[in-house]
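These notes concern the structure reproduced below.
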């Protein structure tokens, strides 16, 4: 039962079997605020793994499925069937289950990027969900309280007119060639499962989404230089992109899986004609805010001069006690729960949507095309 | 259901009604790893608040109690009664419920400090729990993965013989006089509810416990200077203590509620004749480790050169994705769950016990006595 | 007299009158190690300012000049005439005095960028200096000890094959339109005095030079997007550039004068297939060095695992006692003094040369052209 | 010649021969602002070293002395004799030369601590200098611009009434036993040359002086625990001290030479009932300033909201370009030069004096006595 007295939402999961990273994260996120109860799952495409994984997380035998199609059909038919489903498979396996559950009238929580191709994303966006089923894309970094506050500060005019946006997401875990038994690495470097983008899809989209979420500026065009540094790798592992936004703002985006010394160095810096903001994901409870001509201020999550209700309602504990990645993720889950229950109006504009998913794919495709055309400025609206 | 397939432990709560800080934290901590299901509560000493608070968190009507005595009796009698209880009341209300539940054969998870007086702590320690009921004291900072790793590094000899320990816990939230309607502040500054220590009990014990947990060194004596800076305040809001450890190590402990600019600046620094460690709670996913004559290394939670199974089993997500206060707290809950289920042998020496609680009270009493005696070195064993 | 017993070199200065920033810096730099004695100057193109400024810094009346031509002629004729001259005028006034003094057989220390046009730079490079007069370009950031050490680490192979170079230099001092009485700002935003580049010439060249100095990689081509954000400004105040290096490394360079909250945030990050380096100018006594798969190490200036003689000979005081901008600048001065005296062989490859100056101009011109051609990749060798 | 047109002051030096650390530092400090010209020296008590050292730094043969007595006598008699002398010998060799030069009417710049015994300090303070000769004690950290600004902020009331002062100075260079050929280490660990204090005299006095300089609060009493951790060491290498100030403020001081991982971690934190300040020497161009209830602000040297003329007149270069230890040291030299010339009224209260030197010795003696008396609170006025 949720902390606010609401009944828990019955949740299913597609993907996320034993050994999976992001499926586990979704499960924790669903538990933190007490808004969901996981009751069904098609946790693997391999029946034996699906079975064992389901038992490990305590699912009843009759709600462990070996295919998402069966699960969508059976759960939709049960009076106590799942109300929502989390899709945590590799990218190329997002589209079909998302379609199946939406058409079955079951709310969908889908990991990013939304699909492995722009075509799939557009097809998904064109679906008519049954019973008003909703869709959440887990661009989880938007759930960090200070990212919400950054968005409020920009919207309030505290930064003035935005001029420069620097987004980056360096990692180093793919510095060397990967072996097949590295489950996380193998599908992320395989075009058949990831789509046309490697680092750009896996982490570049996060940095891109964050820049868009905080500034609200629409992207006009990109000029990209994508590289595969590791011999034999088929997808990009380093991404250099210049961005132009409507209204004249300019940006840079760097994403890398080969930047030795960086674990998850997602960083966003935004500068306007009145102020600037700087935030890093690996120490997310702090954000620099500078008004031109005054000293830098270190804002803290939930600390002095926090924003209004929308930004602060997801601050769980007092400032100085760090919240992290899982809490930010959980905020998406619990605010989506409010929307499902019909009392989430305050979050409608905050949670990442199908449209964000399509735009993310446009960003990937436009960047890949630009890179193939020697950096030609490419409009997102042209892909 | 827990991620490992185990059945959830039925949990009750004493204290933690609407508006309480630490009760909420315990509830989140109990949910994160899926090891507990909260099913009963005596959430307030005021019946109406107890009722409303119970409904808010979804308890069944017949398991919302208005006294802990009733709850202990009734739950012990039910076949589906609670197996464990969390006690999250002000300090002076720890002893009686802890005694009641232990004697009812129900495992107790108790917030710190263990009681408001050393006498109560000793009486509690002398109780014979029914049915082998276990006791956990939530010195939650010991749940941080890097604190576990620090303990391992010290135990491994990587720091050599320990010489100097600097522990501190500065806050600023009590910089000004508090008003009665500040629920968190009012009981913490009231000797009747907090006991003889103010800052020393609320946060000094955390810093002390952390130093003891990481180094394993036994304390010999303290020399203290406790101060109440805010006019009219009855308890200390600033604590300056010198420490002597067995074997010759020396330490300093500073705790303050009036250090403007500090939120929860808990910090531990340990230096031996071969190496040094430095860790801060407000950025807990990083720890400095230096071998003498070599450059400082920045260790990360779960990153390169992590420790063995005991320290890493509570790392939930990859390094670079921050975990925080709630996860550290949850680690105590889930590892205590393992102990309750009988498969927690690996954690026996790690989780804070009744004995740690008694020692914490000795530390408070010895420090208060030393301060009253103009800083006379006072042995913990003499109080 | 220098600390090594050598006689001080007689120095003159062109530019650097009262109120000038960089002239003062050069004078301090010339004094720190005791290798120079300033004895003559043409400190301003305005005779009264030249006179007063000369008196202020204690020049003898007969060695205060009102034109650099007079000074070159007169000093070259004196038996005790200056042996070297510092040229610290705005960019467009570098070429002529540099030419005059070199042709008069007087060593030249010239502020960067070398000239205001590439044509001038090439003409200067083609000059035959009399008496073997030498030339130093004060890309002062190359004088930081850890930058020298970074260069050594790269050269030693500690980073492996270089893949990614991220250079940036954000400032915020030109966030708003400047007024004519801001001496520093007015010439830097005036094409007639600065040349075709604004931020790119003033600070972009520093970031570029640093990347080149540390990695030793030759630049192949640039793709640039230069912007003037402040209404009415004629030159770029924000620079976004993608870089390609020979051998396949890729880079990004960001320079900005409108990034609110940044004073002089020059930063260099270099990643190879074995290791990574990160350094910031505003805290220059520290540098991150990571070997893949190991924890980050924080190297300190002159601290553990410092490099060989070449990098450490300019460490003046023990690690932990910060050296700064002026010391880095002074290192160029004192090592150039050694070269002048004929005992500076160790520094020959370290000090920025005429060729570096020409390349800096190529970088500016290629970037401006690329930006005018909508980001077309432009080879430095084609301009 | 100084930047302000004043003639250079003729300077001599006692101590500081080849291989000495602090003598070199004094020489650089004397050069940076161009206020002094070193023309004479008795650089070593060993004649051959004195000779060679003098030649190395370019002294004329007839002004290289082999005893300070000769130097005082001869220089006082010359029309072009030194006007000031720097004393940079080990502690026990401060008193006699200081006395000799003051009585010869020559200004004295003396390294700290002022002497090796309190008795000597008092005798020195009782001397009547000839010709109004002045005395400067080089507590060099007081020359950092942000330390000046901290002092101004406290004096302005921005912090309110001061409550808590935390000063510390950890190093690690004496973690292991030293050998005789380590010149820096050997005299610092020798009571005959250092006096009764080891770490407390070498670095504890710096931390103490800084706390006193910034807050202006008079010390009432100390309670100390001094330790020699390294076997065979005669003097303390770790210092734990509690402080009480007049007016009720409390403090802690930690100094250590065995804190592995610390180079020169001098840190001062001051908290009042309205605000707080935090500063570290190893990154001295930044200072945290927090007004209660507002976000932390990061002040920069010479940046936004800098203080008045007194604090800013020693900012040499724009904020964001770091100044360091040598510049802070140079500020004492150049402001003492102004006092010598008679135009330094603004600095009279800022530069460390004979009285500060005597108080520093009282602090050492009181702390040593307190430690010998098992931490008994000991008044500085009682020693």
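Residue numbering begins at 1 within each chain, and the chains themselves are lettered A, B, C and D in the order written.
In this text, a residue touches a chain if its C-beta (ideal position, glycine included) is under 8 Å from a C-beta of that chain, and two chains touch if they have at least 3 such contacts.
Fair warning: this is a prediction, and the values are worked out from it, not measured in the lab.
Comparing the centres of all chains, each the average of its CA atoms, the largest separation from subunit C belongs to B. Across the two candidate interfaces, B-C and A-C, the one carrying more C-beta contacts is A-C. Averaging Cα coordinates per chain places subunit A and subunit B 34 Å apart.
The distance from the centre of subunit A to the centre of subunit C, with each centre set as the mean of the Cα atoms, comes to 43 Å. Spacing of subunit B relative to subunit C, judged by their CA centroids, is 55 angstrom.
The set of subunit B residues touching two or more other chains comprises 262, 289, 296, 300, 303.
Against subunit C, in their complex, subunit A makes its touches with residues 159, 163-164, 166, 172, 175-176, 223, 225, 227, 229, 238, 240, 242, 244, 248, 250-252, 254, 256, 258-262, 269, 271-276, 278, 288-292, 296, 374-377. Those residues of subunit B that touch subunit A in the complex are listed here as 1-7, 21, 24-25, 27-28, 31-34, 55-59, 171, 262-265, 281-285, 300, 303, 316-327. The touching residues of subunit D, counted against subunit A in their complex, run 289, 293-300, 303-305.
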